[in-house]
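So that you can tell them apart, the chains are marked A, B and C in the order they are listed, and the count of residues begins at 1 in each.
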Amino acid sequence: QSSVTLYGIVDVGVIKNKDAATEMSSGLLSGSRLGFKGSEDLGGGLSAVFKLEGGLAVDTGTPDAFKFNRESYVGLAGGFGEIRFGKIWTAYDDIAWNVNPVFDSAFSPAVVRPSLGFEGNPNNGIKYVSPEFGGVSGAFSTNLREGGATRSTAFQVKYEGGPIYAGLAHQIDKDGVDETKYTTVNGTYDFGAAKLLAGYGRTAEGSVKATDLSIGADVPLGAVTLSAGYVQTKVDGFSERLRSFGLGATYDLSKRTVLYAGARKVNDTTSDLGIAAETTYGLGIKHSF
Amino acid sequence: QSSVTLYGIVDVGVIKNKDAATEMSSGLLSGSRLGFKGSEDLGGGLSAVFKLEGGLAVDTGTPDAFKFNRESYVGLAGGFGEIRFGKIWTAYDDIAWNVNPVFDSAFSPAVVRPSLGFEGNPNNGIKYVSPEFGGVSGAFSTNLREGGATRSTAFQVKYEGGPIYAGLAHQIDKDGVDETKYTTVNGTYDFGAAKLLAGYGRTAEGSVKATDLSIGADVPLGAVTLSAGYVQTKVDGFSERLRSFGLGATYDLSKRTVLYAGARKVNDTTSDLGIAAETTYGLGIKHSF
Amino acid sequence: QSSVTLYGIVDVGVIKNKDAATEMSSGLLSGSRLGFKGSEDLGGGLSAVFKLEGGLAVDTGTPDAFKFNRESYVGLAGGFGEIRFGKIWTAYDDIAWNVNPVFDSAFSPAVVRPSLGFEGNPNNGIKYVSPEFGGVSGAFSTNLREGGATRSTAFQVKYEGGPIYAGLAHQIDKDGVDETKYTTVNGTYDFGAAKLLAGYGRTAEGSVKATDLSIGADVPLGAVTLSAGYVQTKVDGFSERLRSFGLGATYDLSKRTVLYAGARKVNDTTSDLGIAAETTYGLGIKHSF
C-alpha cells in the first residue's frame, strides 16, 4: 500500500499596484504548492521521513514546469531530533518569517527587510532539527558547495510556551567572493484580544550594513482576523529610512479555506536598498488540502 | 488527512497519415492527463473547489515537462453556482466540442471547423457557472490581459433534458490588434438506436468570415459504439468548400477502459483555411483512472 | 474513487571521487523516482494496466522539471501475458542489470561494461511480456522510429526457480547509420550463506567489438548485506583490459528504509572505452514509499 500523503495550497487573488494594471496572482497569502510526504515507523522511536514539495502558479498553470523546488529531502527522526538531506529550508528560514505582520503575505510590510534576503533552500543541504526541551528547540543547516554554489550555514534557537514565542537565528551566505551575514531576533506575545509581533534584523554584506525593525499585531474577531504592521530599515551611513506599512484581513470559511484582502505602502525614499515606492492592494482565496 | 483525488487518462494509439510513416501518439481518443482535484464542504451549501490538471504525452514520457497546463484553479460553489479563478476552460469550450462526430477524437471531421480555433484555457481567468434551472444552465468566462495576452470573453447557455441536448456559445478573442468572434449552436437528440449530432459555427476574424456545419451520429451496439460524421466549411467570398468525413468505433472493455479505431479524410481544396488534404487512420487504447 | 497508487524512492547520499570534492547525489543505491500506477480488472482474466513514473533529483529539487521520463505506458494483461504501449524499459533492460555486484548501485563495478550501454527506454515503444511456464518467461520489445529516433529491438528469456536465476537477452539499437548489438547471459545461485552473481556481455558496434565479464557475491548477515564484485572488459584487437572492483554494504532499517555505503575503483588503462580511472566512495539513505 502507498504510504504517501498528498497535500497542497491553491491560493489565487488579484493584486493592483497603484501604477499598473490589475493582475491575477498565485500565492498572495501563502505560496501555492503541491507536495508528497510520508514517514515510516522504524521501531525504537526511529522514523524515516521524506518530503517532495513544489511551487505552483495557479493563475497560469505552472507554465515553467512542475519541479520539487520548495523542499525535496529524505531523513531520519528520533529522540535525537531529525536530520534531513536534500533541498531544505535553512534553519534561519524556520524563524525569520515568524513575525511578519499581515500574515506573512504579499501585503506584509516585511518586503523592505534586508534581513529576509537570505538564500532560503539551497541545493545539497543538510539540516539538523533538535527535539524540544521545556519549550526550547533549535536547528542547524548547511549545504555542500557544488558547481560554485553559495554555501548557506545557519542556526536558530526558539522558545514556545503559553502566550510567548521568541526566536533567534543567524545565517551566513558565502559564495566564492562575498559573504553576507544575516541575524534576526523576534518574538510574539498573545494577549488573547491581540497578538503582538516584533522583529529585529541585521544584515552585513561586506561593509554595507543595514538594520530593520518590524512591529505588528494580529487581532482575531471571530472568523475574521485583522493584521497591521510597520517596518523600517536603516542602512548604516545613510540618514534616510525605508518605511513600509501593511494592513490586511482574513475571513475563515473553514480551517482550510480563507478569503483575504490586504494593502501595503512602501515610502518614497532614495535608498541603497533598491526598493521602489509602491502602493499595492489586493484580495483572494486560499484553499489548503 | 489528504482530501485530494488523483485522476487521469492514459490514451495511446498508433496513427497513420496516408503520406507519412505510422506514428505512436498520445490522446487520440481523449487527451491524456493527470490531475489532482478536491472539494471541501464549508457548510450552508457552500463548497471550496480546486483542480490541478496537466497534459501527458504517454508515448514519450511527457518530455517537455509536466505542467498544470489544462486546468489550474480554485473556487467556490454553492446555490449561486460556481465561480473559479485561475487557468480555466472558457465557457465557449464547455459547449463547442459537444457534437463532434467520432467521439470528439483525433478522427473527428471537426478538425476543419474554424469555429473550434478559439483560445481554450487562457491564463488568469475567471469563470462563473450557473446552477441548473429546469435543465437550463449557462456560464460566463473572461480573463485578465497580463503581458499583452489575448483576452477571451465567452458565454454559453445549454439545455439538457430527456433525449435532448441543445447549446449556444459565443467567444471573442481580442489581442491588442485583432479580434476574432466565434459563435456556435449545436444539439443532439438521442433516439435510443442512434444519437444524432448537429452543429453550426460562425467565425469572424476582421473581414474574413467562415461558416461551418457538422452532422453525425453515434450508434450503440452493445459494448461497441459506431460513430460517423461529416463537416463542411465555407469561407465567405470563396466558392470552394472544405469537407471532412470521419468514421470510428469504440469497444468498451469496461466503463474505464476502451479500445478504439477511426479514420478521417479531409478533401483536397485550395482554401483560405490552411488545412491540407489528408487521410488519417489509427487505433488505440484509452484507460481512465 | 481514485484507483491509482502513488509510489516512489527517495535516495540521497554523499559521494567522493578521489580527485574531486565531496558531492551530495540523488539515487546512489537506486534511482530516485515518483510514480503513479494502477490496474483494473476487466473480467475474464483480463486487466488494464498503466504506469507513469519519473526520475527525481532529491538533492536539488529536480530543477530540470518533473517528467514521466522513466516509464509511461498503458497496456493489457491476461493469460496471454502483458502488452504495453508507450515509453517502456526494453526487454534487454529487464535482464541486463540483474547480476551487477554491489546492489546495481553507483558503486557497482559494472560501470565499465559496454554491454550496459544500450538504449533503456525508447519513446513510442511496444513491449510484450510472456506469462511464466515452469519458471521460464520472456519478453520482446521494439519501438517506432519517429523523427529519426533510434529503433531498439530486444528480447529476453529467463528462468527462475529455487536458488537459481538465469537469463539471456539481446538488443539491437539501430539509428539511420549505425547499428549496435548487445548480448548478455547472466545468472545467480543462492547458496544461502551467499549469493553468487555472474554475467557475460558482448557488444558489437560495427567492427568494434568488446567482451565483458562480471562476477560478484552478496553475503547476508542479518540486517546487513555485504556485496563485492569484479568486472573486466576486453576490446577485440587490444591487449589491455579495463578492470573495475566494487565493494559495498547495506543496512536495512526496515524493508523500506536502507542505509548504504560503497566504494569502487576503475583501473588506469588506456582503452578504447573512454572510461577514465577513478576511485569513488560514498554512503547514503534510501527510502521507498
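Brief remarks follow.
Simple rule for what comes next: a residue touches a chain if its C-beta (ideal position, glycine included) is under 8 Å from a C-beta of that chain, and two chains touch if they have at least 3 such contacts.
Quick caveat: nothing in here was measured; it's all calculated off a predicted structure.
Simply put, subunit A must spin 120° to overlay its Cα atoms on subunit C, rounded in steps of 5.
At the subunit A-subunit B interface, residue numbers used by both copies make up under half of all numbers present, so the two copies contact each other through mostly different positions. We define each chain's centre as the mean of its Cα atoms; on that basis subunit A and subunit B are separated by 41 Å. Looking at subunit B, residues 6, 64-66 sit in touch with two or more other chains. Residue ranges on subunit A touching subunit C, taken from their complex, read 1-4, 6, 36, 38, 40, 42-43, 46, 48, 50, 52, 54, 64-76, 85-87, 121, 123-126, 143-146. Touching subunit B in their complex are the following residues of subunit A: 5-8, 10-14, 21-24, 26, 34, 56-66, 253-254, 256-257, 284-287, 289.
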